[in-house]
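Chain nomenclature is as follows: A, B, C and D, assigned in order of appearance, with residue numbering initiated at 1 for each chain independently.
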Amino acid sequence: MAAKIRVTVWNEFRHEKTHEAVIKVYPEGIHKVIAGFLGANPDIVTRTATLDEPEHGLTTEVLANTDVLIWWGHMAHHEVKDEIVDRVQQRVLNGMGLIVLHSGHFSKIFRRMMGTSCSLRWREVGERERVWAIDVAHPIAEGLGEYFEIPHVEMYGERFDIPQPDELVFISWYQGGEVFRSGCCWHRGKGKVFYFSSGHETLPIYYQKEVQQVITNGVRWAAPVNGPYSDMSRCPMVPAIEEFEVEK
Amino acid sequence: MAAKIRVTVWNEFRHEKTHEAVIKVYPEGIHKVIAGFLGANPDIVTRTATLDEPEHGLTTEVLANTDVLIWWGHMAHHEVKDEIVDRVQQRVLNGMGLIVLHSGHFSKIFRRMMGTSCSLRWREVGERERVWAIDVAHPIAEGLGEYFEIPHVEMYGERFDIPQPDELVFISWYQGGEVFRSGCCWHRGKGKVFYFSSGHETLPIYYQKEVQQVITNGVRWAAPVNGPYSDMSRCPMVPAIEEFEVEK
Amino acid sequence: MAAKIRVTVWNEFRHEKTHEAVIKVYPEGIHKVIAGFLGANPDIVTRTATLDEPEHGLTTEVLANTDVLIWWGHMAHHEVKDEIVDRVQQRVLNGMGLIVLHSGHFSKIFRRMMGTSCSLRWREVGERERVWAIDVAHPIAEGLGEYFEIPHVEMYGERFDIPQPDELVFISWYQGGEVFRSGCCWHRGKGKVFYFSSGHETLPIYYQKEVQQVITNGVRWAAPVNGPYSDMSRCPMVPAIEEFEVEK
Amino acid sequence: MAAKIRVTVWNEFRHEKTHEAVIKVYPEGIHKVIAGFLGANPDIVTRTATLDEPEHGLTTEVLANTDVLIWWGHMAHHEVKDEIVDRVQQRVLNGMGLIVLHSGHFSKIFRRMMGTSCSLRWREVGERERVWAIDVAHPIAEGLGEYFEIPHVEMYGERFDIPQPDELVFISWYQGGEVFRSGCCWHRGKGKVFYFSSGHETLPIYYQKEVQQVITNGVRWAAPVNGPYSDMSRCPMVPAIEEFEVEK
């Protein structure tokens, strides 16, 4: 039997302690809800980590035993230490999957992996979103319909300052006039990155069936491939395939 | 337990009947060798089909029960009936995977899926090829090293007239001075297409372990996603999300 | 001084002869309006061609002297002869730019170049469209704002059955709940293809300044590059860079 | 008449002062040779900047007046100040083109823009390189043949740890058994990035006609588009297209 996919769900875990509106929806933290629905799958095993743990809960050992890291951050992106960002980046390049959710677009690790500002437009009036499946051959579209609706969301709109996705899985429509590349995939080194924008700390979006399906599919897609290279940062001098004369 | 991936290996199956050099290497046909190593995997079940069978062995029913179609053709591309090409194309757009091997680059179905001439340079002197893994996060790189060598090949060189691959998995080096995008992936409709150039009818390339690994990985990658749409060719008129006034 | 870009604007030119609603907006045909605003640029020279001319106006000589072909078709896609489609495809692969407008998504030539069904959703209620600029480094975004609006349109919605664009320039939002990849670029052979969805035969969309800017930018982007190859369909046997021994 | 493209050629300019083998080939520095052949074009005007100037010669004012920045670095990547890297990155995202040459693959600015390690294989024996044109519709292929040869080079080989290029223009073949994606394009924010690997400090590669053509084409391709957005890092809250009721 194949080994289980080991997921670490990381959460800043701040507004769940202080903001009534957040506590009401995610009383134990968003990470617990995400770890909960993921862990219900027989092929996935989860743990969690949060900002205020030592090394933000992302020790070398935790990362070495993580196949896919899920990232939720919002208010305290700047408190994440650069050395931990370096460490996560190296681990992604060496094969770990990274799934960045919603306000994580402005996290240090996502901006590091993208090389761009990752800015966007936004509006918080609780409008309706329709998530359209675009790349219907993609494993992240598994089990979904042509589109699904989320009744109340924070709007994230274009232009989203990201590199062109290697695979564009979803585009969202918003009632108020915007569109958004809401499900985007990139390969980086041996690792894969998936950004999924739908979600919010004061709305029950992570309890919605389709959203859970997308994130579960994302985990399976981002799980590491057992391929070449153990360390992508090597820059080796190598011999030629066979000796030859160079005439100058 | 997940359903097995149903593979149909299609072969023109002509030169195995008439050319001594081919018969020596593939006495029962290339399709038998490919079906053999694929079928040895517990998650794959195979059947074969050939040009001279009625409807080239690709009846509507066979295609409806095929998850991934493997295509080998060489001398008789022009004998494949256009109506069967139409049928295969529709089935790919509706989700079936398609893996095209070596001289299949000039098959009607590959040119149909690509929209380009699919021409290339070639040379047949038995030189050495090195297949370099480029997209090392890709499932088709699973289990492979940084490169592998094939001791004697027919050279296929750039410029290969294909659309830019959605995912470029391998680039080959040839002793005689050429390079080639030898492992290329595209999404088309709900289906996936993988072209892999290494292989030849008079060389034992399909017995080589790494080549078998690539094709097996390709089958798993190209297997259909159970996502939206049952027929990609529909062009439906649809109602608005809700009624609104249009002022003119 | 650089040579002018030679544009041929092709129009089916049928509904302008029979439908009152079309005649009112485009009395001389859509091709005349497009050729008019393009020809007003000092670097562009235009001619037109229509379905009912001999060889649909697309003789070998006309195509040989066309740098960019603009395609409008709607009611009579099936009347375009396959041999002319073959001819246009070869000319695109050998360097001519192709710009396909609106209902041209279902033209034989666009489906040929794409390899997919090119189907989509649609609705004709005159709703509002917002065209968002996504790839803002792209020459086709030159001179445009973050988005522009078209007050009344026919809706074209996802999922649009096309290959993933090499460059995705625009995504449209529609009042009624849909999104659309409305400005898409592909390289095919030595040629470039641009599809732009906004436009309609009974609406004055081709008189709108931003739409004219997009099509003009598209012409400049799609103009041929004076690079390698005169005929992409050659498949030459080539010698090695130098002689070598092959040990078997 | 169109404004000229303002190019700043940046050079670390260290080994030209200390290494005999470099001084012999580039006595005034590589930047002078590059600025020389670029400035000979009527549409390009150049200046230079070097590591040991104040702010590395890359003041806010210089960058504001640079359309395309060319980057050569090798021995002293670590001496480039992070605040200057930040500044260059912002300027690229806001539209400036960036062309990175050869050993610049390990520069801070290239790694920042890519988000990956940018490592590769290498060998310095003076072997032969063949640069094959792959994307022959691309403006950077203008004026080139199907391939060109450089008689003696330092080998740079795959796997090159970069994001999949948005446009892959060249792939190189090396005598010693390697391949390399030697001409790669990316869009980042409003800016464009072109990496071209051929070149070396002790070899007269930048005097070769085809190499000069590639870099000149690169400058024209990377020149900014006058499109939307003046600052890509904004993340504005925006109003809806019109008021609507949200029922909760």
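Everything that follows uses one rule, which is that a contact is a pair of C-beta atoms (placed from the backbone, for glycine too) under 8 Å apart; a residue touches a chain by one contact, two chains touch by 3 or more.
Everything numeric here is computed off the predicted structure, so don't read it as measured data.
Trainee: Among B-D, A-D or B-C, which pair gives essentially the same interface as A-C, with more than half of the residue-number contact pairs in common?
Mentor: Most of the A-C contacts reappear at B-D.
Trainee: Taking the mean of the CA coordinates per chain, how far is chain B from chain C in Å?
Mentor: Centre separation, chain B to chain C: 30 Å.
Trainee: So, what's the distance in Å between the C-alpha centres of chain D and chain C?
Mentor: From the centre of chain C to the centre of chain D is 31 Å.
Trainee: Which residues belonging to chain B are in contact with no fewer than two other chains?
Mentor: In chain B, the residues touching two or more other chains are 128, 130, 133, 135-136, 146, 159, 164, 166-167, 177-178, 187-189, 228-229, 232, 241.
Trainee: Which of line, ring, star, complete and other names the graph you get from chains that touch?
Mentor: Basically all the chains touch each other, so complete.
Trainee: Which of the residues in chain D end up touching chain C in this complex?
Mentor: My answer: residues 95, 128, 130, 133, 135-139, 141-146, 166-167, 187-192, 225-229, 232, 241.
Trainee: What residues of chain B sit close enough to touch chain D in their complex?
Mentor: Its residues touching chain D are 130, 132-136, 146, 158-159, 164, 167-168, 171-174, 177-179, 181.
Trainee: Of all residues in chain C, which touch chain B in the complex?
Mentor: Contact set of chain C toward chain B: 89, 93, 106, 112-117, 119-128, 152, 157, 159, 161, 163-164, 166, 175-178, 186-189, 228-229, 232-242, 244, 246, 248.
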